[in-house]
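Scrolling down, you'll hit the structures one after another.
Common to both upcoming complexes is subunit A, partnered first by subunit B, then by subunit C.
Showing the complex of A and B:
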């Protein structure tokens, strides 16, 4: 009997137009949605319920993405829109309000992603104007902006942060002292490239250029860390391909791509599960497929798939390949 | 770059309409989100299309928040009416952890698992094996107990939970498989005892005939019952000789004509040699005896002793291991593995473990006879008979909807040192892999996650990091739960998680205006910045209301006061108030002054401090010394000077009056103290 899937809740968002993104908060207790109807909505979905907590208006165009910040900063949600704006919303005294609005982009902002909470409250935003902006909360309601202009020619479609890894993290830092994090994130753009950015001396520099796609990169997702020295990034593109990029050394110099699969249509979205062992891929062929990565080539052996490409094979969540 | 040919299997979400729309997907901590969308609008298309920014639309009627609705359970079909574009589906993989009646399974097996991990190096050899067999039996008894509960629930609630009966059969299959694995792998029964174990196994698990047996035995005249011979056959097929003989004796007494036949058959059945469990005979001895007995049966059959009674003749043929005769009783055996064991009993009772595979395959082929094909259960059992442990685990992983079974069984086999001996490089990694999967699943449950912690603890490679990633996602609904999670993190020196949790709780408390709680959480998090923030709030509250909240906490800060300057100030300021309350005025005065001169107090608070000094200045007894008074005067001047430059005093009469009062009080005090000190010096 194959593993069944149940819909445990159907949230009727009452959006008046297409939904573009839906995200659970950290604990799975709240749901944020955004739509072409320009609104961002927040629901309480505990115990199978759906209570509308907030209907946030402020954007003047379709809202493409929402992202929840880490709960240690409070209840904070970011949204980005075709109207070129990025808005940060915050729950204060039981009500949700706009706490910051960034209007520094010249074109649609397509993607927002919060940095690991260890770095503070920092938001990366990718825009069709080709720039990536980094908004950092500095305290007392103030935000500092750093902009990477021309990050991708024609436009940037996606941004994704690398997990926080402290160099020499085996030694515990004395309390009160900020460890020396090396901040990195990945971006994907209309120049068919995946780029890796690194902060050096307070400036953001392009560290790597990953070339493999033959058309616009639609999404990138940096996998959570499970303590291995390797880093992994998934990218998907207009060209129907999904690549898994891995870098083995800590210095971040040599990335090698592995083709996960070539789909027959545009692939729009990739995302990793919490422990990074499952990759979800949303394709233009109206399906979501889940891919499991092996540990030490484990799956290749157990499932007798003689395509042992060192660790990637195709199965549904929790199930081996039946072919 | 190599491509994979295999198209991945689909996860179909009931209720969504994949034809019209594409599916947007997001991971939640336990569930996943799926909603219908149309990609392609975000970020434009490769062919540049100029799109004007839409102008402001006319405001749509405000919608009141929808009534809370609780929707649970499966949504079959394509959902109810309403625009499908606005629905978000929260989807969860069906996991057994959500079945109430299985709770016992998870809880009790957890205890057995932990016990097994801890028993590691205590015993060796035979006693170790006995210990492991006991563990295996314990697991099985938990499965059986669950089966009982599930069965009762199924009978009671079969209308609302039709799947209960199905669950019972799953549990039954699990116990069947586990039992076989116990015999073949854990106990590793040798030739001789092997057959006896297999016979027990069959008797325990092939129960379809139990009703029939009960019916016949409880009837008034069993030998007249139409199913009488069926029951005798059942006993013979299962090697239950005594019971068979007992029934036959009833037939004999009712039917005097067949007394002779009966006596012979009874004698044969009595004398049948069986392997012994103890060391009373060697295999060779037994085989010899059995050969003789076999030949004796053969003679009687060929003499036509049983010719006039087809039932007895058929029984004799069975005793001789005649395959056709045994196969005729297919309905009474119901399964090919019953057939296998019966065959072995009557043709090769001293079968060796490694010989099982040949008998197993042929038994299945003969029994199914090309009419039906093997089901998953059959494949699993076959793999076990072939001693393909990894195959068993793989097939079980596919067939069962939960990781519980394979995780615990593999762990046990690993402890039997069986996986390593198979010389595969992922021998012990497989154990960890399955345990990680199982434990991860537990974390999506609101209380079973605690069991998961222990499982992660016993995964040496990735257990810790998996725990770190999962434990962060546990909703900290109550202070109690937060403390529980914290304790777990602290016990394992997961400092990052401890800090993170404390910060989250501090933030929560602050949002709900529980300053005391927020402060103690930020102290625990060693978060200086936050502690400063909250201290400021306390101070602000004090200024507004004239009193402190959460005095207990502030009074007992101890060394944690040093976390942040503001916090130190808060603590010391409160101490000042206490000293004043206890009328220890000179100490209070000293402290107050120190707060300003040592710059512990923020400038913004100096006015308040100076105002607090007023009652001390007005005391009957002089409190401040001359030097101290000079200091205070200097502080006041610093304050007013600074303010008049940059931040003009808000032309506030109250403020100006305060300053005047202070100046006056200070001057008066100075006068008095000069006199006092002058006088003392003199005497």
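Showing the complex of A and C:
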């Protein structure tokens, strides 16, 4: 059965320039958008409506990405921009305000991603100056900064955290003491590499270097955990290729890539569904396609999202081969 | 920020966009001499390895050439067909020759790297360009207005674009149009630019700025607009870049006056048409927006003039600049800090030398003390506005409930030069992705149930809809979870109804039936009663089945009341000699014993009373026994009654009894007793 993709809400953001990101919060009730017009807007989109809750100004350049923190910390949104800043916004008593501003990067900050809530309130930021910063909230309005310099020469384009999994959690029952998490995240950069970083003794170290792309890695996305010991990362690149990387052993040592597809144009963004079985791939000229892994391990395109029309064109075999 | 440096005095050419990894080819320049006044020439290929943070660029191959070059370009011809995996290097030599090299062979170190060469031109070939649509076509320009169009598939016979322009002039620049494949422009140092149409084989327009004298050093077509081009002037009196539109060719559309001295070279980025690089005799390398004239970026360079500047086709943020001090520098316009580089070099050195004096005296090196300098800011600010290649135009992300959030930025029809206020709608779409329609309906129901807290009815519906037994059971259990008295209901689901079991047990005739069946049945029944917590029935069953021990043990567990009842039943059932005594001991019913015991056993009865009777009933019991003995017993027993009366402390009766026993005895005894 081809999937149904039907538009249930069209939000007219009134942004004055290109939109670069749109993210729903954890419960799917609010939508945050950011644009080249330097603003970040938050809408209430319950029941198909669109009410502008906040128009946040503070950036001095196009805003590239927004990321919602886990609701247990309150209503918190992070944004990163070409103006080299990362701003963390918080809703206090119904109004949204800047709660922290980080200016430690020398160039455009391209990506922000919150760590799994189990680790605390930690934000990873990737920048065109090649560095990745990790901002951790330590309480009382204070943030601690750890920086990985030269993570990717000439620029880091994307960061994505691995889901929180306590080693062996499926088998052992933690006996009430704080679990010993191994924190990991993936990053993609202008050196055509995907790198995996691991925290050891409070220091971040490069654990793996995944080479398969022949041009800039535009985005990486670590699939949500479904309880199995396998880890999956999707990466997409300027070279039009999307790879699915899987690692079967829990130690994270051997990653093997599988080519999802080679598109004819740059692929900008990859995003996993909550249950990790569908991958949304955004590329080229406003093309968004949905991909799913079949039981025999092959990835197939299950939908070609035509926006504005809200229709579904289930891609036929012929079309798929053409691509 | 500076990425790499090569110490060569050379003409440079980047590998085409399709080539991976990225190479930079350099050919010894015919125009410049280096400090050694060397006349040797070589063609060299370097690899751009950005994962290596050092400033050095890896040299992959060197080919010692017999020519020095005025121009070098790298085209992608035959890359797709696989014939030449790395394309073709086209070089313009000092003696009018155009030479074709195979870069793949150069890299491989072959001796035979020249594909072909032709000495068609009369003077040094200073201008070369590859047609981006038909990559087999190369235009070359030299002295005396000579322009040839070469077909790389048929290199022997080049064409001309038309009649030579008069007066005969050197051709300093040549460029194919970026939108229309048959249009070619050529420029001379005097500033006269001719635009040729190759289909008609004649010039279609001549552009020249009559008001000014300019020395044209650079020509570039607009990447997006077919009729626009820029011309750069090397003349210090007019150090400008002129933007021309051929539809209005009498004077420039716009003049960029950002340099203070003549411009030596320009390069227009194919990735973002708002980035035009220019380098000049003011030792500056600027990146400007040709559509507005604004300077977006100034590269931090040393004080040398750059004579050649190129964008890297594959990596749009990278550019190379060749300067007169014999160096080619590779930069990134994305900003960044040079501190990391410097530190890396220091680290590399110290790792080689360790802390020890390399000259073997065994002394450690003194710490490095850098003189305090007012060093220029090590942080390089990026372009004022973000280049096109980092502005993400499309994206999609999933949200809770199978929702997909997508956005698009509709491409605006740009007409640069004409101010247009376009109201663009920027929409975000929230879609519902459903891989199964049924699923959607179900999730909606679930959401409703969650919101309205109508869990019980939701589960009931599920039970009704369920097809497999297992599913039914699962939903039934879930439903019970939300109901009250859940544990009882769970039991019922499991098939153990308290009432049913009770009925079963109490069924008349069931006891008789019990005997008919095997023990298994009774076991089963007992199990059922126990699982429903029905101790009474279980005990009954055991008693009926003559499982006395089981019954009593269960009764103990069932509470004191049950125990007493069970004891009664037990005693009712059992008839053994000492049962009565046991009963009496347990039930503490001594009266019964006393009343009904065999009078021959009066001693035992009295003993029992003495041992067990409570103080308050002791006397009465003894009395009772005595009475019995008197009334029922024979004369012998009657006398024994006295003993009982003594125990009871009942003096009168005792006296009466004794008197009777002694019957007509002397009053003497009586009086003895009385006293």
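Just so we're on the same page, the second predicted complex is superposed on the first by the 279 of 323 C-alpha atoms of A that agree within 3 Å, B and C clash if a C-alpha of one lies under 4 Å from a C-alpha of the other, contacts with A are read in each partner's own complex, and residues count from 1 in each chain.
By our rule, contacts are C-beta pairs under 8 Å (C-beta built on N, C-alpha and C of every residue); 3 or more make two chains touch, one makes a residue touch a chain.
Model, not experiment: these values are computed from the prediction.
In the superposition on chain A, contact of A:149 is made with subunit C only, not with subunit B. In the superposed model, A:287 lies in contact with both subunit B and subunit C. Once the two complexes are laid over each other on the shared chain, residue contacts for A:182 go to neither subunit B nor subunit C. Ranking subunit B and subunit C by residues of subunit A touched puts B first. By the touch criterion defined above, A:165 reaches neither subunit B nor subunit C.
Within the superposed three-chain model, A:261 lies in touch with subunit B and out of touch with subunit C [touch as defined at top].
Within the superposed three-chain model, A:71 lies in touch with subunit B and out of touch with subunit C [touch as defined at top].
In the superposed model, A:52 makes contact with subunit B only, not with subunit C. Once chain A of one complex is fitted onto chain A of the other, the partner contacts of A:214 are limited to subunit C, with no touch recorded for subunit B. In the superposition on chain A, contact of A:130 is made with subunit C only, not with subunit B.
Judged by the document's definition of touching, subunit A residues 1, 3-24, 26-28, 31, 33, 35-36, 45, 61-62, 64, 82, 108, 110, 128, 155, 157, 190, 215-216, 218, 268-269, 271-274, 280, 282-284, 286-288, 290, 302-303, 305, 307 lie at the interface with subunit B and also at the interface with subunit C.
Every residue of subunit A that touches subunit C in the complex is listed here, in rising order: 1, 3-24, 26-28, 31, 33, 35-36, 45, 61-62, 64, 82, 84, 106-108, 110, 128-130, 149-150, 153-155, 157, 190-191, 193, 214-216, 218, 239, 268-269, 271-274, 278, 280-288, 290, 292, 302-303, 305, 307-308, 310. Chain contact summary for the complex, subunit C toward subunit A: residues 3, 20, 50-53, 314-315, 317-318, 332, 334-337, 340, 344, 379-382, 385-386, 390-411, 425-437, 440. Across the complex, subunit A is touched by residues 1-15, 18-19, 21-44, 46, 53-54, 56-57, 60, 63, 65-66, 68-75, 79, 82, 85-94, 390, 393-394, 397-401, 403, 424-426, 429-430, 433, 436-437, 440, 462, 464-466, 469-470, 472-476, 495-496, 500, 503-504, 507-508, 511, 526, 528, 563 of subunit B.
Listing the residues of subunit A that touch subunit B in their complex gives 1-24, 26-29, 31, 33, 35-38, 45, 47-53, 55, 60-62, 64-65, 70-75, 82-83, 91-93, 108, 110, 117-118, 128, 155, 157, 172, 175-176, 190, 215-216, 218, 224-227, 238, 257-262, 266, 268-269, 271-275, 280, 282-284, 286-291, 295-298, 301-303, 305, 307, 309, 312-323.
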